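Below you'll find the structures, each written out as structure tokens.
Each of the two complexes below includes chain A, the first together with chain B, the second together with chain C.
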Partner chain A sequence: MTVKLSSRTEGDTTVVVLEGEINSTTSGGLQAQLLPFVGEGSRLLIDLSGVSYVSSAGLRTLLIVHRRAQQLRTGVILVGLSEEVRFVMSATGFLDFFEIEDDLDAARERTGR
Partner chain B sequence: MTVQETRERVDAFPTRRIGGYRVRAGRPFPYGAHPVPGGVNFSVYSDRATAMRLVLFEKGAPRPVAELEFPPEFRIGSVYAMTVFDLDAENLEYGFRADGPFDPRTGDRFDAGKVLSDPYARLVSGRDVWGREPDWDDVYPYRANVLEDDFDWGDDTPLGIPTEDLVIYETHVRGFTRHPSSGVSAPGTYAGLREKIPYLKDLGVNCVELLPVFEFDELDNPRTDPATGERLHNYWGYNTVSFFAPKAGYAATGRFGMQADEFKTLVRELHRAGIEVVLDVVFNHTAEGNEDGPTISFRGLDNATYYMLTPQGEYYNFSGTGNTVNCNHPVVRDFVLSCLRYWVSEYHIDGFRFDLAAILDRAPDGTPLPNPPLLEQLAHDPILRHTKLIAEAWDAAGLYQVGAFPNYGRWSEWNGKYRDSVRRFIKGEPGLVGELATRMAGSPDLYGGRTASASVNFVTAHDGFTLNDLVSYNDKHNEANGEDNRDGGNDNHSWNCGEEGPSASAHVRDLRTRQMKNMLGILLTSQGVPMILAGDEVGRTQLGNNNGYCQDNELSWFDWGLVEANAELLEFTQRLIAFRHAHPVLRTVDHPVGSDRVGSGFPDISWHGVGAWRPDWSAHSRVVGLMRCGRHAKGGAVADDHVYIGINAHWESHDLELPGLPEGQAWHLFADTSLAAPHGLAEVGAESELHHPGRYHLGPHALVILVGRDRRTG
Partner chain C sequence: MMAIDSGAASAEHTAGQERCKARCAGQPLAAKAASGLRIPADLDSLDLVARFVLELGRQGRLSDSQTYRLRLAADELATNIVMHGYRGASGGICVDGGVEADRVWVRFHDDAPAFDPRTGMKAPDLEVPLGERSVGGLGVFLALTAVDSFDYELVAGRNVSILAIHRSEHG
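This part shows the complex of A and B:
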């Protein structure tokens, strides 16, 4: 199982779309790919609607990216969480750290304020 | 100057290959499995093994993927350590295979046919989903996993609430929300309990004490319910498999191996709500049982170190469960200490209640020690320095140490005498007025020279009748436990109020409610630390079963329908707890002595009977009043009102003459358990002045709580 990454820029927001599973075998490479998108002044939006499972290591990767963004005084928004991913993140407390939106449109509305 | 980049370690490179894996000699500390750059470090102790192997499984696989023997150069002292590179830690399960002599007379019970679980495993798989039928032929049923302990606690720490200010709530992680009526998204889990934090806040408790949460096997109970034929579980979990691992089956995310994060999140959120977390820990025995029990870990690694053995090499059984942990052996002391430090530093646990703690002061040959090194060490350990330590100060072999537990000024005790005295007095037994008075004053007879918080006061606990059943049953009814009602205690001091079990009689039911309120009233106004059994505030019943250890069903689960059905009792409890929080005089550290220590003109505690200042200590008396002088609160450091508690355990009403108050003050009614709701219960701080200033007519089987403070003018 792998995770595929594609990205595009929308104004001052970088949208990263992930597909696959984020687990211990994929998360190391994913972290290296994601961190360069974290930059000063640009917000990172990660679309997880194509992600079926995020393991413990995967959640840690997302939180590390979020922490790095915080250090640079910007943010990470997660969108498109499946019911199971959202449940796991909620039960384990990871959900508390992120900004979450249902989908891209809701996130655009928020960032477009 | 700051350094940004992460520097590589010079030992992050393998030195050789074993079994196809790149490895190097590991670091003996810390014990267990820990991620290191490039791999995982494994370390295990065995003094008597002749060979040790690391056994690796891919997650869930029936057979190992590899076995790596530790070469002699990978051993320092009696510790085997190896770093294995390129492992996918998340999909890895590991164990050990120890070879050595099998000679029970010398204490050795090595069995190279077994894969052994790591005693220091911080994550264990195999019982990930509660009650799910496992593969009983699994070569490795309780599998050690690698855990990354990098939880983001923010600024959270253990709360450090003064012990005397605690109101403890004893509950069971699964039982609290497993009932279909709980309405939480993940019933029966850490996450479910987290959703009920608002209920706990409303109740007013500031500490939850959780029945065992260290990994155990709920399926290790061989019994069935004789009526239904259903499998009985080990629901309570007093049979630890793995001491460093949180119970996976209590986590909604246990099937993903995320129980550690889920439990830590629960602790963090409880702390945010001002609620401490005390764990009930079972260090007196393990799940390995006696000679006939399973070899899981300790027995196969170093039987003679971990267990108390007779000179013939048989297991001592001071715990009543087959084996006894050799707690004062230096290696085991270190194990227990490391374990508790771990739970405090990595899980921010606020305190521990030690099951059958008297075993912790026995020497390896079973002799009770006057200065048990383990207890002394725990009392003075830097990490545990402010951790609450609570002893169940007896064991199953007759060592009873309530009031005499070696405490080093640090340990509190479950006060079993408090429980029995309150029950017997409220039941109406004669000759108990003096005894009750001593218990309500913090049991200075037991804990003189120690603080009043040495006494954890309780009327009910998980073990025994619930409060509702204490007033509804004369006898235990444990048939469903599969032992012909032989199990469970017979010294319940219970009274059914006239009818055994549920009653249609309004008189019986009213009396029961009053008796429950009476006991809660005594509990929450006594000196010491009150502990409430979860559900007692809403009249939870176990239908007379006083030993619910195996009842993983609606008999034991918290029925949330009771919150509405018994709203009156709940409100009474909530306000009583609020009353205790509002009145520091009830939570003074030192025992009251009965004299005026601050020049208020009143003793810190005074005793009364039908006549003020004239307590009746005689054998036929069933009435007592006690007054606490608010000027003595917290040793005179803070101001408080006077509080008067009048208790009538007699079946007739009595007119109580009230002690006089300073000029300008009057008695105000907070609670009277004989009055039907909504009368007889005031909001804390909004109590009304009594019509008759000097006397109070108290009904049969009733308790009154009065506040003495300035008369409101106008």
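This part shows the complex of A and C:
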């Protein structure tokens, strides 16, 4: 099982799209790929709509991304959380610490304000 | 139906149950057990556990959300056994499971040092900001939270955990 990452820039926002599963075998590699996108003078938006599974290892990766973003005084927005991923983040208190939007359009609208 | 059971028939029934239990090492009588697997205690083997549980969820006609929770709990427990049970030492994990009328269950046996996940886990302090939280320790908490029942026993020095999701009547 794998997780794939692709990225693009939209204005002052870096959009990273993840696809696959984030578990104990994929999270380490993902973390190394993801961290360089934090704080390149812009906000980071992570699209999780293609992520079908997140375990605590995935939460750990999100936690490390969150910390880096805090250090660099930038924001991380998560979009496209499935009901199950939301359950995992909610049970562990992670939901409250990220900006969460339903999808990319909702996030763009918010950015545009 | 209970009323017409003679005492002798009940005794025979109980004896049959005991024989089955002995043969199946404690497996509940009504279980339609899927053949289990034995994996080496390393992270690369965890995909096998995931596949096993996903198939069990399909057989038990669990909803996507129920299957996700059972798989999550199994994944977290297995990861914990590999990382914190055996701590890199070689060892094995036996996984089996079954579908019953009212539940789908997955059972883990391992020979790592005794660890009861129910008492050994620490719930995350939801009041502490994420930036100040410790990086680990969420896995066992998630495993316990995700399933409908989580049983643990130390049997002859082996850790035995049984995770179950209740099936809905129409499931």
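Note that the second predicted complex is superposed on the first by the 112 of 113 C-alpha atoms of A that agree within 3 Å, B and C clash if a C-alpha of one lies under 4 Å from a C-alpha of the other, contacts with A are read in each partner's own complex, and residues count from 1 in each chain.
Please note the rule applied: contacts are C-beta pairs under 8 Å (C-beta built on N, C-alpha and C of every residue); 3 or more make two chains touch, one makes a residue touch a chain.
Keep in mind that what you see is a predicted model, and the values were worked out from it rather than measured.
**Q** With the two structures overlaid on chain A, would chain B and chain C clash, or do they fit side by side?
**A** clash
**Q** State whether A:H66 touches chain B only (first), chain C only (second), both chains, or neither.
**A** In the superposed model, A:H66 contacts chain C only, not chain B.
**Q** Using the touch criterion from the header, give the chain among chain B and chain C with more contacted residues in chain A.
**A** Between chain B and chain C, C touches the greater number of residues in chain A.
**Q** Touching A:T25 in the superposition: chain B (first), chain C (second), both, neither?
**A** both
**Q** In the superposed arrangement, does A:R43 touch chain B (first), chain C (second), both or neither?
**A** Touch status of A:R43: no partner.
**Q** Touching A:A57, do we find chain B (first), chain C (second), both, or neither?
**A** both
**Q** Once the structures are superposed on A, label A:A91 by its partner contacts, choosing first (chain B), second (chain C), both or neither.
**A** In the superposition, A:A91 touches chain B and chain C alike.
**Q** Touching A:E83, do we find chain B (first), chain C (second), both, or neither?
**A** second
**Q** Could you name the one stretch of chain B listed in 23-31, 167-175, 239-247 or 473-481 that collides with chain C in the superposition?
**A** Stretch clashing with the third chain: 239-247.
**Q** Show which residues of chain A both chain B and chain C reach, each in its own complex.
**A** 23-25, 55-57, 59-60, 63, 87-88, 91-94, 97
**Q** Once bound in the complex, which stretches of chain A touch chain B?
**A** 23-25, 55-57, 59-60, 63, 87-88, 90-94, 96-97
**Q** Contact residues on chain C for chain A in the complex?
**A** Touching chain A from chain C are residues 43-44, 46-47, 50, 64-65, 68-69, 71-72, 75-76, 79, 83, 124, 126, 129-131, 133, 135-136, 138-139, 141-142, 145-146.
**Q** Which residues, counting only chain B, touch chain A once they are in their complex?
**A** By the definition above, chain B touches chain A via 88-91, 148, 150, 152, 185-186, 189-191, 251-253, 256-258, 261-262, 264-265, 268-269.
**Q** Mind pulling up the chain A residues that touch chain C in the complex?
**A** Listed in rising order, the residues of chain A that touch chain C are 1, 23-25, 53, 55-57, 59-60, 63-64, 66-67, 70, 83-84, 87-88, 91-94, 97.
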